[in-house]
Every structure is written in structure tokens, then in C-alpha cells.
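In the two complexes that follow, chain A is the common piece, with chain B as its partner first and chain C second.
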Partner chain A sequence: MAKTSPMQWIAALAFLAVAIAAPFFMPNNMSQLVDLMVFILIALSWDMLGGQMGYNSFGNILFFGIGMYLVASTQVWMGGYELAEYNSAKGGNLESFTVTAPIFVQSLIIGLLAAAILNFVIGLIVGSQLLQTRGHYFAVGTLGLGVAAGEFAGTMDFLGGGSGMNFIQPPDGVNLTQLLYFLGLGVVAIFFVFLTWLHRTRFGFVMNAIRDNEDKAEAMGLPTGRVKTFAWAIAAAFAAIAGGLYGAGKNFIDPTEVAFSLPTVGVWMLLMPLMGGKGTLWGPILGAVMFQLFKEFFWTYLFGWQRVALGLLIVIIVVFFPNGLMGGLKAISSRLSGKSGKGEAA
Partner chain B sequence: MSETILEIRGVSKHFGGIYANQDISLDIPKGAIIGLIGPNGSGKSTLFGSITGYHPIDEGSIKYEGQELKRLRTAEIARLGLIRTFQQTHVYDEMDCVRNMLISRPMRGGDIRTLLHEPSAEDRDRAEDLLEFVGLASKRHLLAGSLSFGQQKLLEFAMALMNEPDLLLLDEPTAGINPTLINGLIDRLRQANERFGVTLFVIEHNMRVMMNLAQEIHVLAGGKLIASGKPKDIQNDPRVIEAYLGGS
Partner chain C sequence: MKHALFAGAVTLASAALAFGASAETITLGAAVSQSGKYSTNGMHTINGYNMAVELINARGGIKVGGKTYKLAVKYYDDESTPARGAELAERLIKQDGIKFLLGPYSSGLTKAIAPVTEKYGVPMVEANGASRSLFTNGYKYLFAVLSTSEQYLASAVALAAEMAQAEGRDPATLKLAGAFENDPFSQDIRAGVLDDAKKFGMQIVVDDKLPKNLSDMTPTMTKVKALKPDLFVVSGHSKGAATATRQMAEQNVYVPMVAMTHCDSADIIGKFGKAAEGILCAAQWAPSLTYRDDLFGSAADFAKAFKEKYGYAPPYQAAESAAAVEVFANAFERAGSLDQAKVRDALAATDMQTFYGNIKFDKTGKNIAKPMVLFQVQDGQLKVVAPTKWAEAKVVYPRKRN
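What follows is the complex of A and B.
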């Protein structure tokens, strides 16, 4: 990736300014704004493997779900309660499990950090095995991860079993959606700056080399296995943070419908980079914004048919716009600068 | 007698019941340009694949600078300074030529922490110099996938040199190159050998190239090594003529 141009920095700062101002102009849409930050995070993290390295993973939902459970559990632990006792009270007197505002905020932040660290380690372990496969084998292998994790979580009674788990209720004085939104925005900013730097390093170059021709990369002595594994571990850490924010925003975890939901978030996380343009820094962000707008539109005006509309949208994007918005813009710019034309015969 | 950089002893490789290589033994002297010829399907590319870890050998031994290679993986072998190019070009299609070059910097230790840096000005200069060397300077910002087959061959050669190999295995370097440019390529191969001190082991079907370039030629037929010697001797060797023309 070439040096970041002034235009790209201006775009990033403009995006940041709009994002900071958004809660003040759209106070009634805070939960949608929290979802948007979550979607940007999962789109960027999915793109590290799927876009930058060409490894299409259906398994990132694993980290998303684990992150969600871990943040919820950390809040319960740090509130001074037993997890099993808390979850067995569901349907009864959950409101008696209270925490102070400082503990609530601290436990949320510590939970997010713990989720990131633990999922980084899980990403290393799972990646070191699964990333030995390629192409369809890898995609199918990762498909099983989310399904298995959802079913497994449903058997864990101390996590609420199949009926799920509630997050600790925010105490008075805590504006939960605003807190989640600005935490999400902060993590998005950190992730964006990190990725901008990473793609300029040789590590980023190797990620793209794996996408273009992994055999060649190996023949040139590049440590493809380690780069793939570390990249997935980093993606896992950010997907886990996204899961924690999403769960806290919904205030409830269902193992198969929310945490490890392959048909919804599990598919959305790869749909967003496809919409915006995978393998680019801005594509997943634009894709997340577009997706959130479409989703809200469908849920508002096509209720009852919203999933049908979303399904059709997926088909249309995959068939007609395989390179997404950024891919289209890149093709136009390449054509104008003559980069995409076939070279003269040697 | 010059030092041996690659020592191949009794190497056999079979796929199912078919022997692609059978009991092959040969030496590559350090600093030399050695040719490998043979009819299609004679096992030349398989031997390159075996040397570079793509096809683990079934029998025998392959030593590079005295180190046994047969249990090493492709990337580990490359990091020792043994690089190969492919018969079908292998470049990074979605990246421009300069970036293809920058990725190809050697990574001897394999420590990924060394990847957490942007390419240095020195790396960029070397990339530009080598693109100039192979005649692709004017294409430096084109996507590698948009180059013609012959240009991709040249880019792959430049990428290999960027990796600063001690031994470079070239699989049909002139295939797809415009005939008017082949003499220039022969010069560049010689310069790579003399200027950068790279030992070359070359598979080539173009006999004119081979006769001009190689100091010694090995001939494979039916997976076996049937002849080795100076180009002039090989040209007139009845076993080689029979292998190419077929005999009753």
C-alpha cells in the first residue's frame, strides 16, 4: 500500500468528526449508531483474512460470541456475584444484581480487554491448525466453528444454557448506549490507524502476497503460516471487542440467535466488506455504513419481509458488484491512470 | 575442483506407480551455470520441485551447502538462499511491479518481527535497479497481473534476484519471451551469475539458449539421468538424440 495520501487523512478526520458529532444530532438513534461501530469493527476484522489474504472465514463469529459472553461474565464477576447464581436468577429478580456506576464502566472496559486478549490467544491456537487448509476447505472448516460454539454454549448452565444470559443492568447515571458508542468509536479509530500502519509494513505486503499467490510467497521464503495465524489472531481480538459491545447493547445473549448467530452477524460480517470493497482499508467501513442504512430501511419499511430483502441484496451484490464500491472506484481510477490495461508484449 | 553448492544423490520420486525421477545423482558447482534438459515429461520440473520442497522425495538425498533438504519445507529452503522460478509465471497479480519486488526481499531468519517495518529506501533503490536491469523500469507501477507472459517472466527473474539467492533454479526462463529479446535475457542471466555471484541451474527447451549459456548440461529422459557433459558433447550424444527424436 502506498503512503497514506493527505486526502485519505482528511477523509478519516472528516469521518471521525461526523462520528463524534452524530450522537448529539441523532440522540434517538443511539442503538443503531452502536450497531454501526460494531459492524465497522467486524467488517474490518473479517477483511484482514477474507479481503487482505483471500481466506474467506465463516468462523469469526466464534470470537464475536466468546467476546460477548466474556464481557457479560466479567461484569457479573466484578460486580461481586457468582456467575451460576446470577444466571439461575433469570426470569426472577435480576434487578437485585446491581453494581455501582464506576464498577459498571470499569468492568465493561476490563471485560472488553480480556475478551480481546483471550480471543487473540484462541485465534492463534485455532488459526495454527485451520489455516493449514486453503480455499473451500478453509471456508467449510470455519463454518463449523460458529455452529459448534453456539451449541456448546447452549449446554453451559453457568452461562445460562440454551435460554441465554442477560448483561448486568446499567446503574443510574450511566448512559449505556453513549458509553458503548464512544468505546466503539475509540476502538474503530485505533483499529483503523493500526491497519493503516500494518498495510504499509512488509507484514501487510506478505498478507497481500498470500492472497495473490501463496505458493510463490512460500517459494520466496516468506513465513506465510505465521503471518496468517497472527493476522487472524489480531482479527479475533477486534471481533471479540465487537461482540462484547454488541451484546452489551442488546443487553441479552442468546447462544445461537445472538452470540454465535451464523445466519445473521456471521454472514453480515463478510457481506459488509463485499459491499464496500474487500481488500481495501475503506471498503469495509463504507460497506458497514451502507449495510446499516439498508438494514434499518428494510427493518423499518419492509418489516416481515426484511430478511427476504436482505437476502436479495446479498445475491445482487455477489452477482453484480463482486468488488464492491471501492473495487468499482479503484477500477475506474486504474483505467484512468492506465494501470489495468494489459502490458505490451515483451 | 570447484566447491559443490548442491549435491543430489540417488533421488527418486514417484506419483503412484509412475516414477517421475529415478535414482538421479548430480552436483551443481558453486558459481556455475548448469543446464537441465529433456523431452516433455522427463521429470525436470519434478526435480526442481523436489529440490525446493514441493515434492518430498521418496529416496535419496539432496544437500545444499552440506545441509540435507529433504525434511525442510519450501519456505525454509528458500530462506537458506535457494530460490526457484516457475514454468508458469508466479507473480503477485494485484500488486504493482515495485511492490512485487519489495515483497521479495530476503527473509533469512523467518522472524515475523522483522516484517513490522516499512521497506527501506535502500530496498526501494534495489527494487528500481533490478527492474531497470531486466528492462521493466517503465512498467514499474503497472499491476503485475496486467503484464504480458514474457514480462511476467522477467519480473519473476528480477524478484528472484531481489531475494539475493546463492542458487537460483530457473524453469524455462525464455518461454514466452519475444525472440528478439532472448539474447538480452541471456546476457542478463550471465550478468546475474557474474555480477551478483548467483549459481544458476536452468531448465530450458530452447537449445540455442542452452548452448550459449550453460557450462555443463544434464539430460533427463523418462525420469532418469541419461547424460551429463559440456554443451558440445551433449549436442552430439546419441543417447540424447534418441531421447529427443525417439528410437525404435
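What follows is the complex of A and C.
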């Protein structure tokens, strides 16, 4: 990665300023804004492997879903309730499972941290095995992860099984969407700074070397296995946080349709970097913003055809901007300034 | 800087999403599945809502506090996923300024939406979320016109016991096989069936959880074939009913009594003909029931009008949806105001008869005034066989071998 230009820092600060101001300008769109933060997180997280390292994973939804269940469970535990009892309250009375506002906020944050740590470990374990495969084999291998996890969670009665699980209701005095939004924004900021730093380290260079030519990298004596596994574990931690935030926002977990939902979030998380430009720092962010914006727009104005429109848009982007929006922007700007755009890829 | 501009554009563009409702109309909001696995039942739901809304408007609308209003419904497609449903409820309330909601299709979607309506104090009358778990959360703004899920197949289990006794057999010797989709609704059905079976001391020989969107249940069929139960219970929405009916015939599985949910909306008679013969179907409503109201007339009148308009006989999903609109209209008039809290109180005090059945809510918001009915497929027709008050035919037991 080239040095970070002042332009990029200005852009980052501007983005941050707009993001902080957004809830005050559009208080009625809070749940869409929370989703946007979640999408940025998972897009960046997916891009660590898919973009920077050339390993296309369909399995990151695994961490997303586990994170969601963990955050929900932590909130129940810290509220002083038994998980199995809480979830069997189908016949009981969820109304009696209440928590105070401080406990609610603390348990949410601790839940997110716990989800990040645990999924980091799961990422290490799963990654150490799966990342020994490459290319299509890796992609297909990861495809099974989310599907299996969804079915598995559906059999766990203490997690509510196929009936799903409700998050604990936020007590009065907690503005849930605002809380989730700023938590999400905070994590996005941390992740962004972390990635900016990471790509300037040796670790980051090895990641790119693996993408460009893994055999050569290995022959040079680079620790490819270790880098791959740790990169995935880091991505897993952030995907888990995204899952926790998303679930808390939706308030209800269905094992296959909310937590481990491959056809929706599981696919979106790789579409967004593709749209924005994978393998770049801003690409996934731009992709997530664009995706959420177009999704909601098509939804509002092309009702009934929203999926078709979104699909067409994706086809257009892939065909005309194979490097995503970032790639397109770079090509244009380098043509304008007469320079070649090379050396900026990372 | 481009990025900053872009992010700014996000702010502006999304702010433009909101728009308001017109003055002389009460707009109800509804997120209903128009795509995805619930799209068929979602269509029945929407047709039911529209039917009632159009008729009410054609009769001059509703009078609220001396002013006359027309009704309208703003629909969104929840794509059959709970995450989308919750999001849309929020959108209807916060962005579109909708003050009253009609329910979605299915318990899962209702479960996802109810916390949202509760949070904003928006009254919701729903017609298609039957899971018991909806009514144990202390929700104050949720009202359901339908009977809850544990009642769906209880009558079938009782019927099996009754038939056994008539044959001089102890119901405790009966073997029961069950296959239930792994979703909130069917798992509730399962809980109800197992409770009832336990009451009679029946032996449960198969108890399968089936994946969602099920199109194959061969493993269950193999077990049922080998273990020869006396009663086979299936619950898996329309798709489950169709799959079970088809595969029982294909794989030559015979059980003397078979009971299901959703066989009318799955149209098992039209699709599978003779294979459907003798199957028992739990239903919320039947056109032959003797309820009536001023808007639609009798249950049979509703069925006729519906068929003329939409070209197919109304499954109960359409009937209960139409009833939900009637309940709202009735509550608006009694409340004499469009204040959400007042309408909520009026809804809680509802005590009326509709073509769909009597409606009176208990304090958890579920309708306690209407029983379920049990159909049986007899000579290619759905005939009510229980409860006895409305029975059009005697139950055929054991069902004929094909």
C-alpha cells in the first residue's frame, strides 16, 4: 500500500463528520443507518480475505451468526436469567425478563467484545484447516459453513431452536437504534484505522503477496499459513460484532433467516466490496454505502422490481467496472491527470 | 473529497424517503410477503385485506367522531424474511407516518414485527400469526383474530382417541407420528400435539423436525412406513402439506388417520386429487360456518364474493385477513378518534361477530371467542367434520387405501 495521502485522511474525517451528524438529520432512518454501519463492517471484514488476500469466502456468515447469538445470550445471562429458561418462555412470560438500562448497555458492549474474542478463536481453528485449500475449493468449502451452522442452531433448544430467539427488550431510557449506530460507527472507525495501519506492516504486504502469487510468496519463505489464518480470525472478530449489532437492531433471531442467512447478508457481504472495488480500503465502504442506498431506493421507487433492479445494477458494475467503483474512479482520475494509476492497487 | 460528497448525498437522498398520508384517508400499513416462500399465503392475505377495504370504502367508508374516512393500505414486501419485516415495520411507522398496522403473514414475521409496533405504541391487528409465543410477551398493542396454534390439531388427536374408543381400543395403545417444520408456527403445533398425545397416553413413534421450505420428507416417510402409526400429523405450511400428500402417495405410505395444517391453501385436492382423499385439515374458518356480519353477510356470501373477485375459493388465510380489517374499522368507530391509545383500548374491548367468527380478545390480545374447525377431504371436497355443531359430514375412518 502506498502512503496514505492527506486527501484520504480528509475524506475519512469528512466521512466521520457526516456519519456523526447523520442521526440528527435523519432520526427517522435510524434502522437503515444501523444497517449501513453493519454493512460497512462486514464488507471491510470480507475484503480482508476476498480482496486483499484473494481468498473468496462464502462462510463469513458463520461468524456473523455466532456473534448475533452470543450477544443475545450475553444480554440474557447478564440480566441474571437462565438461557434455556428464557428461550423456553414461549409458554412463560417474556415480560418478566427485564433488565435495567445500565445492565442493558453494559451487557450489549460486553456481548460484542465476547463475540469478537470468541470468533477470533473460532476463526483461528476453522481457518487453520480450511485455508489449506485454495481457489474454488476454498470457496465451496466455506459455502457449507453457514448452511451447517444455521441448521445446527435450529436444533439447539436452549437457543430457541427453530422458533428463534428474541433479544431482551431495551428498557425505557435506552435509545436502542442510536446506541447501536454509534457503537457501529465506533467499531467502523477502529477497524478502518487498524486496516490502514495493517496494510503498511509486513503482515499486510504478505497478505497482498499471497493474493498475487501464493507459491512464490511461500517459496520466499513468507509465513503464508500463519498470515492467512490470523487475517481470517481478525475478519471473523469484526464480522461477529457486525452480527451482534444487526441482530440487536432486528430484535429477533431466526437461525436460518436472520443469523445464518446465506441468501441475504451472506451474499451481500461479498457484493458490496465487488461494487465498491475489492482489495482497496475505501472500496468496501463505498460499496456498502452504495448498496444500502440503492437497495432502499429501488425498494421505495421500483417496488415489486427492486430485486431485478438491484441485480441489473450489479451486472452493470461487474461488466463495466470490473474493479468496482474505486477502480472506475481511479481509471478516470489517472486518465485526467495523464498518469498511470498503477501502484495504488492496495 | 469525493467520498465526503457521496456520503453527503446519502444523507440528502435518504431524507427524501419520507412521505405523508392524505387527510381524509386512514392508511393502514402492512408488510406482507409478496416474494419468497410465503408469497402464496401472502397473496391470500393481501387479497383478504383489499377485499374488506374496498367493500368498506364502497359502502361510504367509516365514521370516526363525526367525520367520514376512507381506508387504504400501504403494503411493503417483506420478502418472507423476519429481518426485512422488522425493518419495514419501522419504516412504515417512522418514515411513512403510519399509525395503525395490519399483520404480516406467518408467526415468524409477526414475531419480528411485534416488538417494533409495541415500542412505538402502534396498534396492530394481525390475522396470520398463530404462534402461542406471540401472546406470552405481555404485548399491549397486538391483537390477533385467529385461534392460536396449539388448537390447530388438538381436535385431530382427540378424534383419533374417540375413534379408537369406538373400536373398543384403549387410546393409550395408539401410535402417533409427527413431522413438523422447524419454524415458530409448526414447532408450536408440535408442542400442542405432543401435550394432547401425552394426555391420552399415546406413544410417539416419530417426532421429526423438518427443514424450512421443505420439498422432500423421504426419511420421515420411510420411518412412518416401518413403524405403522395410527395417526400421522404434519405441519409445514403450504409446502409441507403438498410435499406430505405427494410423497405419501408416491411412496405408498398408509396411515389410517392423517392430519395436517394448510391443506386448503396448498390446494392438495386440486394438485393431487385422489391422493388427498381422507386427509384431515385444520382450518381457522370454513365457508359453511353460520357466522355473519353486516358488511359481507354470511361466511358463504364472503366465499362467493371473493371467488367472483379473485377467481378462486378463499382459503381461511384470506377470510381472517378480511376480518382483521373489519375489526379495525369497528374499533375506529367505537373509539371515535384516531388517537392510538384510544384505538388500542377500543380494540381491547372488541366483542363482535364477523362472517369469520366471533371476535373477543383476552388480555394478551388473542381471540378466545372462535374455535378451530377440522375438514376432511371426502370425494374431492373439503367437508367440515368437527366440531359437531358445524359438521357437514361424518368423519371417514380409517381413510381408504388408494
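Operating definition for what follows: the second predicted complex is superposed on the first by the 327 of 346 C-alpha atoms of A that agree within 3 Å, B and C clash if a C-alpha of one lies under 4 Å from a C-alpha of the other, contacts with A are read in each partner's own complex, and residues count from 1 in each chain.
FYI, a residue touches a chain if its C-beta (ideal position, glycine included) is under 8 Å from a C-beta of that chain, and two chains touch if they have at least 3 such contacts.
Note that the coordinates shown come from a computational prediction; the quantities given were computed from them, not determined experimentally.
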So, A:212: does it touch chain B (first), chain C (second), both, or neither? first
Per the contact definition in the header, classify A:221: touching chain B only (first), chain C only (second), both, or neither. first
Just checking: does A:28 make contact with chain B only, chain C only, both, or neither of them? Give me first, second, both or neither. second
Check the residue A:72 against both partner chains and state whether it touches chain B (first), chain C (second), both, or neither. neither
I'd like to know which partner A:245 touches here: chain B for first, chain C for second, both or neither. neither
Which of chain B and chain C A:7 touches, first, second, both or neither: second
Would you mind checking which one, chain B or chain C, touches more residues on chain A? C
Touching residues of chain A toward chain C in the complex: what are they? 7, 10-11, 14-15, 17-19, 21-22, 25-26, 28-32, 35-36, 89-95, 151, 154-155, 161-164, 166, 169, 246, 250-252, 254, 256-258, 261, 264, 282, 285-286, 289, 293, 296-297, 300, 303-304, 306-307, 329
Which of the residues in chain B end up touching chain A in this complex? 52, 73-79, 83-84, 86, 90-96, 99, 102-108, 110, 112, 114-119, 139, 141-143, 146-151, 153-154, 159, 163, 176-178, 181
In the complex, go through chain A and note every residue touching chain B. 200-203, 205-206, 208-209, 211-213, 215-224, 226-227, 230, 279, 334, 339-346
In the complex, chain C residues that touch chain A: 1-4, 6-8, 10-11, 13-15, 17-18, 34-35, 76-77, 81-83, 86-87, 90-91, 94-95, 108, 111-112, 115-116, 131-133, 136-138, 181-184, 186-188, 191, 209, 211-212
